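Right, I'll just put the structure down here and ask away after.
Every chain is named by a letter (A, B, C, D, E, F, G and H) in the order it is written, and numbering of its residues begins at 1.
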């Protein structure tokens, strides 16, 4: 079983990211369970999303306390909260950032990767620089880095699950996949 | 234990009659329980009221099916319904009527008495001939015939319990008592 | 002073003697006389209270909650449809620890419309966190309202004083109405430590996350569990002052009973008559009338039934898809404590069907004949 | 077709595939996605239904009752405050024999405001005469809605399909969405024999005197008692057509269990994980997840626990002043049948406090250590 | 004695209400039903919440009416009707007129929310409020339709109702529904016409029928019709229609507006009022009447 | 850089609302609270039913306000306040102003019955409805305050809201309460004055405050105040007062009434509307505006 | 012309006969409300102008038209007196019932 | 002038510390909403006319008056941009936060 936690902000589509990821993974016959933080989401406020992945049915409905990996949709959160809380040793931290992994100064026990999802999003006209919609790009990067699914599955999931600008979103996911 | 059933019509104060009777009896230290028919009362429609009397606490809260006595506040009911239903043999039937007991043609196994409560009520300006308020007069007669209480107790109960024309009502009760 | 009054007026007198400060209620048969008398008492200043004449029972309870939070002693009364319309707010009262006292006249639930007695209305509120008292005489109604204020305000848990439609609500009985001064001595004014006031501004009832909610509800249950002892204590105190004991249950000849009838409300009063008669016929019957149904008097019930051969629980209610609710809860209380005791579950009198002493004789005979219950529910009085 | 959907959308799909004809609902967290998706389905005609967008849950249920009486298949969904606001009308639905199907998302009752899961909202409706199903996966939610229409319309008794806030309502899982034609074959249109129509004018629900009420309610209970067999039957039929069995309970390794965890909802799913792990540790644990809580599956539960050494009932709910409600009802079911079996009552997870596999291990260890329960209620997870 | 003349019947002879019902002697609410059913005919379904009419109709297994009835919960009349309407349409019956039939308490008080919701959505039902100005079925308690000054069991003489009757027409007009009308059982032909008219309109229609109650008003049963006429003649309850919340039409124009005193005097519920109180009530009526006239005349 | 000038503060500086609350960026409802509390001062008790404000205030054991709050059930704001008021008076506090503070859903829909009851009795409370024109706390579902044409999650673009916004002022006016006022957070001084005025009156007072919601309207957070001004300038939400349901006073007279199109265009919820639809909406606004003017001018 | 309907009481001997929901299957015509009456209307047809007003205003549907004349149905008439009060020629008298 | 209030988190270690009813005993000042911000307002005081409009319209009470000048409280400012939008001299710029 793989458990992943997403960090983002209300309004950034973090939950949608986890949902698209779940979709993509399920297309390849795996079992998934994705859920948002159980709370009151506000535009701008820090939010979470979670995903469990397994090759057999997932019965555990309790919350995820010790994720295998962490995805950071909004890099400003790194200052604001402890995004490594409970993260298993050796886990990946994947950050949407223009910086290099080393620059982020996480403890050595984690594997850090960055992807400039904002740039990709803006390039594909997904939101503005101040409010980019990065979720599809993030998913593209994540499946590659964590080897969770093929890019084709992601593209399919995006086409089906993203009502606005599905093509641009798919392109962003693809670009992120390739860049990771 | 003595159990009595009243027959009247909605709007005639049958329930009040049973309540005054209960009041009078309780003044002499006995236990009483008085209750109306459990139903939707309509002006003009036949209604019932019941009373239980005992010299020890009354625990039985079930309905009265076999009264010891029956009081008929409105004589037209004799035609309309079977007022003797369930009445115990040897029980009294006390009817507000100008007729003589014999004229009413009840089975011999009952003791029949009449009191012209309407006349008494009208005399004391309690309602009109078409709609006389006979309850206090009836009570006066009943306590006498069934030897349930002293007239003083009735008069006290009337004074306390009848908000409109208490004096006239008391006088009516007294007159009925004396005439019975 | 002795007065011949109806059960509904016993409720009103209880509220008056208890010096309710805010009353809010909505009329419903068979409760109307409660509010009519209280309206008069407020109009002629016999009672110094604000009476908010709302447009529904739901608002009646809401008004009581607001007033209670402001630190006033509050009272309301209702029945059946009205009670069930309040349901959401009943949860609110207990969760908010607001000690409202409410009279409820047991009336069967629609449809079809019924104005007659059964207990489904109040018993289907058993999970809302209210203390529930079931009464069997007008005297008990009046006394219990006064006691309920005391118990509720001590525990900060609301109470429901329940009486049967018609066979209590509309029945006149002799009631000893205590003197105001004595009641005042028994029942001090309500002075909550915390209340809504600008002098000490708190926000009450805000969003409560999983981090905190559990503890709040744990405390509610723990305080609920204090109620049985407190009811006994305040009941004894009441007896000292007024000569009438108010306890968790009313027991008649259970000590040496071969069969104990477990009952409630006026049905429990009629059962006593049956037990007396059965004893005259040589059957050692006892009657355990449960007065405080919530919290369930576990210990008391377990102790009383200890020596019995058989138990017959008589329910004027049913949880559809389970059993009569007293039956269910008695079994739950005895499980693991007195397992070999056969407990029979009878249902009778739904929708106002009369329950007489002979109903109980039928029940007793049935239970005495069988070794143990053969049916999940034994129906008494259904036309077949 | 396999789809990754949230529990709330599983409800919507169930209603859509069940061809609900009249929908009326009111938004409340965590139910909103149910109505949002249904709004869209109605707007774009994926679903040919009238959606009455009412001003409160109370009106939502009232609209469903009217539509059901007119012979239409009706659906609604709500949660906590909304469900409890409907309470009076829940009694109405069952008493009127109107087979409304409702989704309810379990959410803790205010105050304080909570949007997180516990079962007090739906379980405090246990006495309203509704069939209640508790689900543990989105697949089960969707399947159960379809089955509920079938069961309800056969018995003319309404059904509630219950799922946990967030851990089901907002959780995305892979769900096999069956084809419409197959669902149509399983679930015929609703064609009640009697309904409101000027062609055959009846007055429904008029004043019902003590002469008649009892028999009507006797019949309701008798029909309720038919539900367990019908649920098994329709569940098997469903399995034949869709490959998924829907029954009264879900059993995991109870046959040879020393301890059986009795659970419900998603908690029951997590318990299964714990049982698996416990077995790996050498403890023979079983898990009995009760799916149909109303009517209570007496026979099934009695049979399954027969061989067990111990039972631990885990309640995410409480009847204040009694016990956890599953605990209470299990004891009631076992009383007189399996008296020597120690049954432990645990309360956990109120107001959304998380329940994990290790919670169950704690529970199991506790129960295995003690000979029999020493406390009325064993609280798990309260900060002390 | 046989004259050639025909009986003059100003309303259709067919009855959909039967004798034997449980109304009190001289009940106005009963006549309201009789007239409305004459106008609507048999293709109708009624939703009746708790009110006198839930008793009048008769207990299970009987009914006094030849049309179907859903005896629904007290607070749900309007939306129950919406539900029935939607249900009927979904099962293929688009013709039946669905009517919510409620007392003033069920309309002005406990039912106002459901009604407001129905009106806001403009659901396709007729809502009839028969107004006996208090909760009668439960034994004469105040409602918000109870007029200023009246005694009820919850507004005792020492503290009689001290707020005016809620202005339900204005409230409904604010919802901009297609049709609103007031009517009185004292004017059956007018009521009949309005009901017919309402039947032909789609959307939410609101009829407010004045229906005296001798039991609750402490009036003589034989005065029921008289009271229902007086109240119109003295402008306490004027007869008018409102279309789409805007177009006001006055139906019974008053040549001479009668004083209210005569009307009050024959009702026990007003017996305690002093001359002064009556005078100030008269002023209120005059003001309300002027307000209505200005609404009628604007546009 | 130090000038001698003083900062011009058109409102009192004291704050009863603290930072750290949970409103979205640019939330209008929050400003409504800030202004009202500035006017009422500290001697106040709030009853807040379920709405965005039950979240904004912060979770247990915190609160953003320096005044006490009863977080009450969704449908009970008005009568909870009546209860609190009665309770306070009985325990000797006759001074505290009790305020029901609810969103439009809690006012126009699920809370309208309790509100109507309170108004009918003229209970002594101030009722404030902050209007963000939908159920926002639950994620943007239609309320009866949602304007015609708007998208919400329950009125999808394919079937947008097709009934007009409920006319709450007219409904409240029909209750003949002493004071009703509309206000907008775009005009804080006007809102401040009205709140002060309401505070001095006894009986039921109703304030209806327009409070844009960037999250639900799909507008830019920085446009919140602009929208709150435009809506007044284009007469979609005119600012006026009503005394005793009769006397209408217009507060912001419009020299030039702006077209609504500009206002609609900067809100995502109206994005789907065609020119034709906008034109017909403009007509409606014009009509309503005329109606208001005639009410203002009558008497 | 009066409708001809059954005026029978309905008795359910067993729960098996009772319908599932409480619903009407008969009229109230078995309820002979004439017994409620204290005073009864007597029409003097000589003075009757056949205006139909008594028919129109009877709340108990107890005046019917037979051969173009009003006839009181004493089985149901509750004796409210409205017909007598409203009759324009005052040709209806309310007469006391014998007791 | 900003009120000086405690900005602490409250932690209940045991149920014994929890009040009977859910009630507030602290403010939300511990919730430093500045972290929500994407863009931040920077006031150019040179062009400021001290009109107080930014102060008036801030929904987060995050502009306070210090020595008669407006000051942004970045601990709480959520960056909605209202102040910049409403400023009549346009002397407030919304600047991107560094990431």
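Details
As a convention for this text, a residue touches a chain if its C-beta (ideal position, glycine included) is under 8 Å from a C-beta of that chain, and two chains touch if they have at least 3 such contacts.
In this text the structure is predicted, and so the values were computed from the model without any measurement.
Of all chains, A has its CA centroid at the greatest distance from the CA centroid of chain B.
The chain pair sharing the most C-beta contacts is C-D.
Centre-to-centre separation between chain C and chain E, using Cα means, comes to 40 Å.
Computed from the mean C-alpha positions, the centre of chain B lies at a distance of 56 Å from the centre of chain D.
The mean-CA centres of chain B and chain F are about 63 angstrom from one another, to the nearest whole unit. In this assembly, the C-alpha centroid of chain B lies 30 Å from the C-alpha centroid of chain G. Annotation for chain D: residues 53, 55-56, 81, 85, 88, 92, 95-96, 110-113, 115-116, 202-210, 212-213, 215-216, 218, 352, 354, 382-383 touch two or more other chains.
Of all residues in chain E, those touching 2 or more other chains are 22-23, 25, 54-55, 57-63, 69, 71, 73, 75, 108-110, 112-113, 116-117, 120-121, 144, 214, 221, listed in ascending order. In chain B, the positions touching at least two other chains are 38, 40, 42-45. Chain H meets chain D in the complex at residues 12-16, 21-22. Chain C makes touch with chain F in their complex at residues 21-22, 24, 49-50, 52-56, 58-59, 62-72, 74, 88-89, 92, 195-198, 200-209, 212. By the touch criterion given at the top, residues 9, 42-46, 75-77, 79-81, 97-98, 129-131 of chain B touch chain G in their complex.
Contacts from chain C toward chain E in the complex involve residues 26-29, 32, 35-36, 39-40, 42-44, 53, 55-56, 81, 85, 110-113.
Residues of chain D that touch chain A in their complex: 2, 4, 115-116, 136, 164-168, 170-174, 266-267, 269-270, 272-273, 352, 354-357, 359.
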